[in-house]
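Below you'll find a set of structures to go through.
Both complexes shown next keep chain A, but they swap its partner, so chain B is in the first and chain C is in the second.
Here is the complex of A and B:
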C-alpha cells in the first residue's frame, strides 16, 4: 500500500465507503434487495432440495429395508422361495446382536397372489417378526385401522389401504394368499385382515403385504429359513465399520450388500446432491453478478469527476481500488445478513413439514413423499455466503480497476 | 362325469352329483346330516373313473364361443381335458394331478405348468378359474356344513346345505349354499361373499340317466352382477368306471396323445 499523507486509515476508508453507499440510497437499496433475494433463494431452495433428497434416501433405505442386507446369492436376481437362507446362527448371530448394530431383523419375502371374492392381485408377501421389523421400517406406526401383527405366529395379515380398496375388501374380512413352496407346489391359505396401513408412498401400499414370519415358514414349508436379513446402523451415511464387521462374520455362501450397493440410484443421488448445490448457488450468483457489476460500474461513471479530483489531490489508484472494493464488500455484507435472516425466517417454521400433496403423484414417482421437510444445513449456508462474498468481490474488481485507471485531468473535465 | 371332477371348485355339490345313481343306506332311513352327505359323496366318488365327451359354451353379451372337448378322470386327483373343436383350439389340453396343473398348446408345442400367479385367471376364457378347475377335493374338509332346509318337490327331496369355510381355508367365499337332490344330483350351488352378497351361482339342468347314472346334462355358471355372461358345460356322452391306464395322466400323454 501507499505510504505518506494519503495513507488513509482503515476506519476513515470505512466511513467514506459507508457514506458513498448511501449517497444514492435508491440504487443501494435495489442492489441490497437483489443480493438478499439471491441469498435467500440459494439457501431456501437448497434446504428444500436437501429435504427432498434426504426424504428419498430415508424412505429408500427404509424400504430396502435396512442399511446392510444379507441374501442368498441368487435372491436378488430371482426372489423366489428357493433362494432362501438359514436363520442366522453362530458367529453371524453374535455379530448381529453386538451393541454396534442398532437393530436387525430377518424376513421372508416372496412373490404371491392375494385374492378376495372380487379381485386377485400380485403382491410381495413379507413374513416378518413384528417387533424387530418395526424397529427397522416403522411399519406399525403406519397402521391406520386395526392393529399390526403381534408375535411370530400371528395368523392375520396387514395389507395397504390402497390394496384393500382394489380388492374391494376391508378390515376383518378373509383373503386367500397363494404362493409356491420350494418344490413348486402351490401353497395357499386363508388369512384374516387384522390391520390396514397407509404408506407414505401409495405404490408400496399396493404391493407389500405383511404376515407373521413363523406362519409363513409353515405355509411355505421352509423350516426356519428366511429370505433376507436386514441390519441398520446408527447413521446410514457411515456404515463402513459395521459393514466390515458383519461381512467378516457372514458365511461365504451368502451375499452381503450395503444400501449403496443395493440401490445405486440412491447412493448416486447422495453424491450428485453435493455437486448440485454448488452449481445451483453459482448459477444464481451469475445472474446476480451482472446486477452487481452494473451497479458498481454506474457508481463509478457517476463519480468520475470526484474520482478525478481525489486522484488529482494525490490519492493513489491502489487506494481507489481499495475504496470501491470496500464499498461493494459492505453492500454484500448487508445483503447477506438480510438474505440469511430472511432464509432462516422462512425455513425454520417449515421444518415441521411442508404439505405439497397437490403434486404428490409426481413426487411419488421419484420416491419422495407428499410432505416436504426442508433441511437447512450449516455447511450449505456457509457455502452460499462464501460464494457470494468471494465472487462478489471478484466481480467488483472490474469497476474498481476501471476507476483507478481514469486520467485525473479528463475525469475532472468530464461533465 | 369328468366334467364334475374338472369343476372341483364346485366341490361339495358336484361331488354329490357324481354319486348319482347310488343310494346310500344312511340316506334311506332318515334325513342325513350335512356332514354325512359330504362324506358319503367323497367316499363314493373316490376311485370312480370316467370318459366323457362334452361341450363348453362361453357366452358374453356380444359373442359366444363353443368348444367340444374330451375328458378323462380317475379318482379324485387326476383329470385330463383335450379340446377337439373348434379347429383353432383343437389339441389344447389341461392335465391336473392333485393340486398341480399343466397346460399344453400344440401351437407353441410347450407344456406349461400353471404357476400360482395364474391360478386365479380364467380357464380357457370361461367363467371358471384355473383354481376352480384344479382345486383338490380336500377342500371339503375345510368347510363346516349345515343342513339348512329340506324340501319335497316332484317326488324328490331337495337338501340345502350351507357350507362355511374354516378360518384358514384357502377360500375367499363367506359361505357356499348347495342344493342337492336325494339322488345326489347337485341342483344349485351359490357362492356368497363375506358380506352376505351372492357373487356367483351354478345351476344344473336336464337331470337324466347317462352312462348308467343320473346326472345333470347341463350346468351353467354365472356371476350375479352380469347375468348375460355365463359358461355352460353340457355332457353329450359319458362312460363310468372305464378302465384307464395310468399312462393317460402323464405329461408325455399331455403332449403326445395316444388313444
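Here is the complex of A and C:
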C-alpha cells in the first residue's frame, strides 16, 4: 500500500506548482519584482562596495607604496635620515632582480620643510630613481604640468598641485627644501619646480614632494644609502611566496614588512569585507523573507480547500510540503534570474568607472578616489544566489508545514 | 465479505462550551458491492460517518475495518495511502483542482499511484468517455458546467477502480436531470464494476437508487433496511 513520500512524478509536481504560481499573477509579479530588486541590490551594492574597498586598498597600497618594504628596524618609529640602510646588494639584489618580482625600487623618504617666497609647509621628501619609481607608483602619469624627474641626478622637484596652491607658487619657480643630515645639521638647497602632479588623493598632493635620489643623497650626505626598498608583486593579495623569498635574502639587521603589516587598517578592511558582504546579503534577504512568507501563506490560505482535497485524494503530507516548496523555489529561481540579469546589466556598463567626484572630498578622507570601479565578483553572485535559494527555501517551510498540517475535513469545508 | 465494518464509532465536537455529539456509538457493516444511502436531516451525522470511514477525520473511540485493515490505527501517511488506493471521494462542491484540465484532474490520482503516463492518459480518456465527457478532456473546471464538473469528480473517484466510493451530497448542486444522469452512472458503475457506494443525501430520488437505506438522526442509526432500487434509466449521459 505504501507508495513512499514522493508519490508523484517531478514533472507533474512542476506543472502543478507552475500553474499555481500564476493563478494570482498580480501577486506573483509583485513578489517577483521584490525578489528581483532584492537580488539586484545584493549584487549591485556588493559590487559597488567591493569596488570602493578595492580602490581604498589599491590607493592604500599605492600610498605606502610597495607591497613589500625593507627598512632599517627603527625607521617606522623614527622615519629620519639616521635610520637609513645601504643600497641593496649581493643576495638581496639577486632576489629583487628575480623574475618573480614585478618591480622594485629604493628611495629616500625623510621629513622636510619646503618654502616658497610666500609660505612654508612640512612635507615628506621622496628621493626617487625616476624610472623604477614610476613602475611602482605610476607617478609620471600623474604629472599634469611640466615633466617628471629625468635621471638620478635631476636637480628639479615635482610637487602636487594642492601644495603649489598652498605655497602660492607655480611651475618653473624656485623653492627651498630643508631637512637634516645624519649629523643633525641642516641640509638645504634650492630646487626649481619642474613638474606639478595631480594625485587621486588630494591629501597626498600636499605632502609628497619628489626629487632625484642621487641629488638628495648628496644633499643629505648619506652616500648611496636609502630609506626603504619597495617591491611590488603581480597581485597585492597574493604576495606570500615573493615575501618568503625576499625575506630569506634580506640581511638580519633589516626589517621586512608586507603591506598588510605596514597598514593593519587596510588588511583588516580586506578581511572584514567578506563577512560584511554576507551580512549585507542576509539583511536584504530578511526584509525580503517577510514578503515571501506572506505570499506563500496567502497562497496556502486561498487554497485551503484544494489542499484538503488533495489530502483526501491520498496525497501524503510530505508531498504537500514538497509542492509548496517547489512553488517557492520556482518563484525564487525566476526572481533570481531577473535580479542577476538586472545586476549584470547595471554593473557591467559601469566597469569603466563611475564618476563620483561630487563626493570625492568625503571619499578622499576614507582613502578612496573620485572614480569608482564596481567590482563584480562571481563568488559574490554565487553567494547571493545560494543565500536566497537556501534561506528562501527554509523560510518557505513554515507555510508548507502549515499546509501539510491542515485538517482535510475543515479545509474542504472552508469557504 | 465486509467492505467496511465499524464498531462503537463515536465523535464529539466542541462548539464554545457546548459538546455536540456527531456520532453516538454507531455500529455498521457494509458488504462489498453494496449501494448504500445514508439519509437523515442536517446534523444527523451522515457526513461525519463518511469522513470517519474515509479516514479523513479523527474520532473519540472507534474501531473501523476496511477489509482486513484497521484504519483507525493507521498514521497520517498510511491513511493517505489507504485513501489513494482504496477510496474514491465525490464531494457536494465538486472540488476539482482548478489549474488542471478535466483529463489532468482525472489523471492526478493515477499519477500519485505511479501509473505510467500513456496508461494514465488512455485510462482517463476512457473514463471521461464513460461519464459522457468525451471531447471535453482539455477544458479547465471553470469552462465546465456544474454537472460536467461533478462528472469529472466522479471520473476521478472511480478511475483507479477503488473498493469504495464515498459521496457526500453529490447531487445537491445539480438540477434534476443532471442528478438522475449522475445516479444512473453510479448505479451502472456499481453493477458493472462492483464498486461499493456509500452516499450521504437528503434527496429522496437519490435514495431510490440505493439497495440499502440507512437512516440517521442525532448521530445514531435509527433505521437500516434493504430496498429494491429504481431501474437505471437508459439515457445518454452527455448533457450537463
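Keep this in mind: the second predicted complex is superposed on the first by the 410 of 415 C-alpha atoms of A that agree within 3 Å, B and C clash if a C-alpha of one lies under 4 Å from a C-alpha of the other, contacts with A are read in each partner's own complex, and residues count from 1 in each chain.
Throughout what follows, contacts are C-beta pairs under 8 Å (C-beta built on N, C-alpha and C of every residue); 3 or more make two chains touch, one makes a residue touch a chain.
As the structure is a computational prediction, the values presented were derived from the model and not from experiment.
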Fit or clash between chain C and chain B when superposed on chain A: fit
Which of chain B and chain C A:402 touches, first, second, both or neither: neither
First (chain B), second (chain C), both or neither touched by A:112: first
Touched partner set for A:155, first chain B, second chain C, both or neither: first
Vertex chain A, arms to chain B and chain C (CA centres, degrees, nearest 10): 160
Partner chain(s) touched by A:247 [first = chain B, second = chain C, both, neither]: neither
Contacts of A:176 with chain B and chain C, given as first, second, both or neither: first
CA minimum distance (chain B, chain C), superposed complexes, angstrom: 86
Shared contact residues on chain A - chain B and chain C: none
Contacting residues of chain A [partner chain C, same complex]: 1-3, 5, 7-9, 12, 15-16, 19-20, 23, 305-306, 309-319, 407-409, 412
Residues of chain A that touch chain B when the two form their complex: 111-113, 115-118, 120, 122, 155, 169, 173-176, 178-180, 184-192
Complex interface listing, chain B residues touching chain A: 99-100, 113, 115-117, 119-121, 165-174, 191, 193-194, 199
Chain A-touching residues of chain C, taken from the complex the two chains share: 51, 54, 56-57, 76-78, 80-85, 89, 91, 95, 97-100, 104, 108-109, 111-114, 156
